[in-house]
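Naming follows writing order (A, B, C, D and E), and every chain is counted from residue 1.
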């Protein structure tokens, strides 16, 4: 199995070491191919090219600015990522962090690290362990912060 | 006939038991195949794969957070689900519950259960009883809460 | 010629009798095929299936709730209807009424009846009388309420 | 060369005479084919059919109401027009006027006339004179009102 | 290698000299082909045609007005550019400047120049030096203003 890693020079956090560490611990082993682009709107083509290079899944990492135009760019990027996924029939796990999710730079880094790590774990679970994924259905899992857990009634 | 059930680990409600109970009571019998993903934006690929596995219809269950970004994610997921439906020519019934639809956790669970149950019934009616579906046209049916009924003039 | 009629169980107004009455008076005669679904987001697949059943045009009737999420659903449904139209190269006339267009139930029913009737007439004019349609270009025609007429200068 | 003209019965301004006058003065001569539909959301199929009838370009004229739902319709129509353009690899020049662009009916008519005339001129320039188009790059041209001109620094 | 340059007559800044200067200094040499259109919504077809003319990448330059409708047009243009990129599997670097990004005309020109220059450099790096691009991942690069740099923790 081969997993693609697409990221950007716009991002203020370097997701690659976090993702690569999780993927390196995978059993069975996975190959990794990387593709860096300027910004999130360039990620869909990067992902398409990674699928053309035989990746079975891609983790797409990006950071989103605080202005309304940045939100619109993220929306356009996400729609592009949907289109690529559907033309390939393969998953792209989107690790996007919005700069206004955090109160300061330390918290921003923490969210980035947490979201990247957990989605790298999700990538492996989707590829190798659908049973475990199903056991987690409806359990309120979160990436970037603590899990919320299932509804308490 | 075979019905797909796609759901998420993000959701705080486990829709599967509700949907599976309704489908198990179907006459004629239906097969069910399940696919769990991290979040709602991963559902379109899950549905596409369920159709590739010969499902005739898919019920896609997810929960949507309270923030504006969550609404945007739901919009992107829904557009992806539209694209899959149109490429396949088959229905995906969307069981999405927004966390801000309810005042508390108990009401949230109630909406989830009601919407999942009624859409599982809709799935069977769409597959097996278009006559009954047509008799209900314009009657103000709701999923997640009580029916509104037809306009009173 | 054959016209499809797609409608929903969500709608509180039953558009079918209004549309069917207009179509029954068509010269030349048209065949009609109907397909009912739960809500407006299920209409695109319904229309696609009606085109697969050899319809030359479809009239898609739905009602839209008052909440922001309802507006978003209508947007997603309309984009799906655009996609179906373009893949088929055939028109779908959208008879959508928003519940907040009216002050009360009586006015709501009136808008529904007017919009359905005039769009059924438009369907026949598009199929059989492009000359008449062109004579009406720029004349401020409205469906659901009175015509506004051309700009007075 | 052949240019399509698509317009609507919803519009309160009749764009056709303005467009046809400009196109009639073209050297070399161009053929024109027209297609009228009820509203702007019906324009994408009209344009697709005009391209199927061998048009090399289409001018799509419409008017947009003042309500939020009207803006959403215009957005859906524009996305449909994008899809048609890209499937054909040919331009559709969009002559859309929003009713809230003008303070009164006289100004509204003036904007409509100006935008239609200038875009008909643009259509001919795109077809026959890319050199002239390039000389105008970055010069702040406007349709519907006076040119803004290049940035003064 | 061949790079396309698409721009508009709507823009108040002439991006072409800035882009062409950077591209002329490329080693290895690149060919350039240009295509000018009226506005940003005409750029997707321009880019598609440039790819049909064997361009390996396109730089699409445009300016966006200050009104809400202008933002909507930019969104539609960007979605069209996404669609072209994905159908071709090739990058379009979007050099869009919004008129409300700047306080005055001098600052507006500065943003335009900076964004065009840096994206022309990005184009060459994407084509010829993915290693350098990867070294810049997560370093907070910006086009149109100064780099923000990586998160300081």
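We take it that contacts are C-beta pairs under 8 Å (C-beta built on N, C-alpha and C of every residue); 3 or more make two chains touch, one makes a residue touch a chain.
Please read these numbers as outputs of a predicted model, since none were measured by experiment.
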Touching chain B and also chain C, the following chains: none
Chains in simultaneous contact with chain B and chain D: C
Path length in the contact graph (chain B to chain E, fewest steps): 2
Centre-of-Cα separation between chain E and chain C, whole angstrom: 41
Chain centre separation in whole Å, for chain E relative to chain D (CA means): 25
For chain A, residues contacting two or more additional chains: 75, 79, 83
Topology of the chain contact graph, where touching chains are joined (line, ring, star, complete, other): ring
In the complex, chain E residues that touch chain D: 7-16, 34-38, 41-42, 44-45, 48-49, 52, 68-69, 72-73, 75-76, 79-80, 83-84, 87, 105-106, 108-109, 112
Residue ranges of chain C touching chain D (in the complex, touch as defined): 71, 74-75, 78-79, 82-83, 85-86, 89-91, 93-94, 98, 119, 122, 126, 130, 133-134, 136-143, 148-153
